[in-house]
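The first chain written gets the first letter, and so on, giving A, B, C and D; residue counts start at 1 in each chain.
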Amino acid sequence: MSKATDVEFFIIEAIRGIGRSPLMSFVAIGIVTVTLTIFGFFLLGVVNLGNVVSGMAAKLDLTCYVDRDLAPRDAAELQLKLSKMEGVEKVTYYSKDDSWKSFKQDYSGKLELSEVVSDNPLPNTFAVKVRNPEVLPQVAKNISQMSEIDEVRYSGKLLGQVKHFVDVIRLAGFVFVLLLFFATLLIVVNTIRLTVLARETDIYIMKLVGATGSFIRWPFVIEGILIGVAGGILAVVLLRGSYDALAFKIASAFPFLPVVSDAFLLNFIFISVALCGTVLGMIGGYISVSRLIKNA
Amino acid sequence: MIELKDVSKVFQNGVEALLNINLHIGREEFVFLVGPSGAGKTTLMKLLYREESPSIGEVIVDRIKVNEIKEEQIPFLRRNIGVVFQDYKLLLRRTVYENVAFALQVTGAPRSQIRRLTMQALELVGMVKRAKSFPNELSGGEKQKTCIARAIVNNPPILLADEPTGNLDPQTSWDIMELLDKINRRKTTVLVSTHNKNIVDGMKKRVVAIEGGRITRDQQLGMYSQQ
Amino acid sequence: MIELKDVSKVFQNGVEALLNINLHIGREEFVFLVGPSGAGKTTLMKLLYREESPSIGEVIVDRIKVNEIKEEQIPFLRRNIGVVFQDYKLLLRRTVYENVAFALQVTGAPRSQIRRLTMQALELVGMVKRAKSFPNELSGGEKQKTCIARAIVNNPPILLADEPTGNLDPQTSWDIMELLDKINRRKTTVLVSTHNKNIVDGMKKRVVAIEGGRITRDQQLGMYSQQ
Amino acid sequence: MSKATDVEFFIIEAIRGIGRSPLMSFVAIGIVTVTLTIFGFFLLGVVNLGNVVSGMAAKLDLTCYVDRDLAPRDAAELQLKLSKMEGVEKVTYYSKDDSWKSFKQDYSGKLELSEVVSDNPLPNTFAVKVRNPEVLPQVAKNISQMSEIDEVRYSGKLLGQVKHFVDVIRLAGFVFVLLLFFATLLIVVNTIRLTVLARETDIYIMKLVGATGSFIRWPFVIEGILIGVAGGILAVVLLRGSYDALAFKIASAFPFLPVVSDAFLLNFIFISVALCGTVLGMIGGYISVSRLIKNA
């Protein structure tokens, strides 16, 4: 059915279809752009929220105590050993002297502790940061089995809350993006359907002079794709521009919020948005014209 | 070539457009279909290319039972039947040239052939000068000529012309009739519905008269009116 | 009543549809406008109700310079001119009754009057039986009759009929012509463009012939063709 | 121009306009519904975010120290006095004994403080919660001028951060809702424009038979309003249903997140969304038909 000349004809037809009712096409592209931009913002929002949550989780760490005195060399050795363990990202060492100093500072004015306690009662401390909150319990267990370490502590309750939070955010984000995807689909498909409905008479006449369903359908599908691609690209341009500006603003206003700036991830999202436009346009063209072809 | 057996057509609103029609038109015949406004002429033609289906009865075109073919077959039926629609049915967003070429395009004809045949058809109806105009830039008669060009462009074995000269001056009407006659002599079956008394009377062809959905007269070498 | 002074109309695509037209039609006259397809008949009429504006020249209808009035005045001009459009221009989503009633509705007529006048107009053209049909359920002639009913429904002082009988059988065509003649005798100025030789020859009215955008003949008690 | 019979005619026309191309109208209503629902979710989101931030701010409090011993009666009196001050929401009293007890508990295991410090070195403490973070500095100043209070402390830096955060969130929320409002406007207006464009020929014919611009416009404007109202109401139904369900889920998953459940505020938002639909529909009908009336 689709010979090379046909394919060429369909593409030319599609382009001229847009040219023949430019206002309708612009309006349709505008709607697709706006919808995809909103969708893209959501995607970016969800990714950033995920980042913030991971950031929070990353701040969760284990505290390991060593009661006995540690020579700096031993401490460094132990620090190295800990940092080589699986799932461990970073280990920071606070000697008992450092801890005592900062403790005294914290309570200065309130309590002249140094006056009453002459000997430092605090242990040496290793703060262990893990790669992700899931492995925390395992790492804690592994460390507590080391003979050098006297005690390992971490906030189990807080961990549970954060894990739960991460799970729920992930699920909610997923569900929301999915819902928004369907909303976008609905709007894009129906927008293209509206432009096709306006050409009901054309389709009817085409059928009367012997055009098959697929012959009529292809140009519309291609037109849908073109509208989708145009809307998708415009949306990406809008998203890129505003995200860069916004991310910079947020990053400078809240240095503590980890804004996603991973080029690969961002490009992935942008490409997804553009592809979404394309696919939705195609579906829109296909669905909308099918109904008319049947009816005419 | 064309056969209607006991055909009736009742529309949803209850109008009985055709009642118990029996009609046989042989290969390569030229037939005038006459009758007052609302008699059922257009409806009869619509049955032939399956724009409408009969309520009862059988419609046979070129040995095919038109009322029984599948949806997917309809386009191929229609490519064998050139139709001059009473209301033109031109694609408004396409030029005269594109409207005519479209009827070839759907058949998958190669581009060079499309160009040659389209220009040839436009030549025959005298619309070459207006080839690049859009339908809303045409006069009534020019639209009608475009529609005629589209109907004959792919040289179909059957040609249905529904009031093809309603918006043409007498001279052009005669030219068109001579064109249809020439096409008929090239072995195309031609069915023309018309109100043009002068032409029917002058052409001396078979005349089928229809009134209130019934065939009231079927006469070789007939006139527009009885006698 | 109608006056064109040195009017020319050149369309954007370069077509010279009217060239240097000078025409005066008096109050209550009945004039036939004849000429081959594409001569410029429809274009001339379009100038009168300001669907088109002349490229040069002056168009005066009922003492109003039509080519100079403001946008907001156009609807009121059009309410004084009943038009039978060559291509009907019926509202597809409205019934026959609603299409005819619409021309009264826009004038703000009271409902009872709308009903009475609409039914009266449908009666005159013989379309009462089809009042509830939509345009795509009508035969070609029935559409034409509906369009005629709409043009006369509000009894306008000027009536333009562009090929009003192109899709009507000879008998109905005569009936419509008699109707137009009756309307003319009720002090309406009537301008009819037509290709129907028999009718022009039979009515013996003033005939204005136009060809290639120029007036070639203007004859009282004229015929369709010269002599 | 608009007599009573005209008004009736316009309304009937508008309703029939929808009836004459039901598919187009349904599609248009669908798009409006989806767009307004997204808009509504954003409004709800912004309101809730504002609530969370206020919640955070509310946790900021002043700490007032009284070094000398306080009899329970004197403490109660002072507490009352503090709580009557302007801008103060709540005052909680921690006696020096209580504080000492909890301090010892906190450091149990680490430091046998009670072994080395026999006398309680901590002051009596009043935790003062203020109505909103803006008044914090003023309240702090007022309290520090009281002769009964020895010292007033609050985290100026944290306060600054929170205030900044509140401001930025407010601004960002406002800007975002505004942008989304315009996006919604664009989509709704253009959707209705598409349905009107499909009736270009009708408008042209109406003008030819003598209809004035306003005569043509009114039914379309009313049709736009009807589409907008329908879309708005459907959006509110969707929003109500999903917000109730969602709010319950979130409230039970994160008891610490303050979900907005103020009926007045929610109803205000819902009504806003519905009104938005109405107004947008009206604008859509008006704008889209204007252009055609001019051109025809």
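Convention: a residue touches a chain if its C-beta (ideal position, glycine included) is under 8 Å from a C-beta of that chain, and two chains touch if they have at least 3 such contacts.
In this text the structure is predicted, and so the values were computed from the model without any measurement.
The geometric centre of subunit A is 67 Å away from that of subunit C, both derived from CA atoms. For the pair subunit C and subunit D, the distance between mean C-alpha positions equals 62 Å.
As a whole-number value, the distance joining the C-alpha centres of subunit B and subunit C reads 28 Å.
The multi-chain contact residues of subunit C, meaning those touching 2 or more other chains, do not exist; every residue touches at most one other chain.
Residues of subunit D in contact with two or more other chains: 21. Taken pairwise by the contact criterion, the protein chains form one closed cycle in which every chain touches exactly two others. Two chains count as a pair here when they touch; such pairs are A-B, A-D, B-C, C-D. Residues 3, 5-6, 9, 17, 20-21, 201-202, 205-213, 215 of subunit A touch subunit B in their complex. Residues of subunit B touching subunit A in their complex: 49, 51, 72, 74-76, 78-79, 83, 85, 89-93, 102-103, 105-108, 110-111, 150. Across the complex, subunit D meets subunit A through its residues 21, 23-24, 27-28, 30-31, 34-35, 37-38, 110-113, 116-117, 121-123, 164-165, 168, 180, 183, 186-187, 190-191, 193-195, 197-198, 253-254.
If you check the complex, the residues on subunit C that touch subunit B are 11, 13, 15, 34-39, 41-42, 86-87, 132-133, 137, 139-145, 162-163, 166-173, 195, 197-198, 224.
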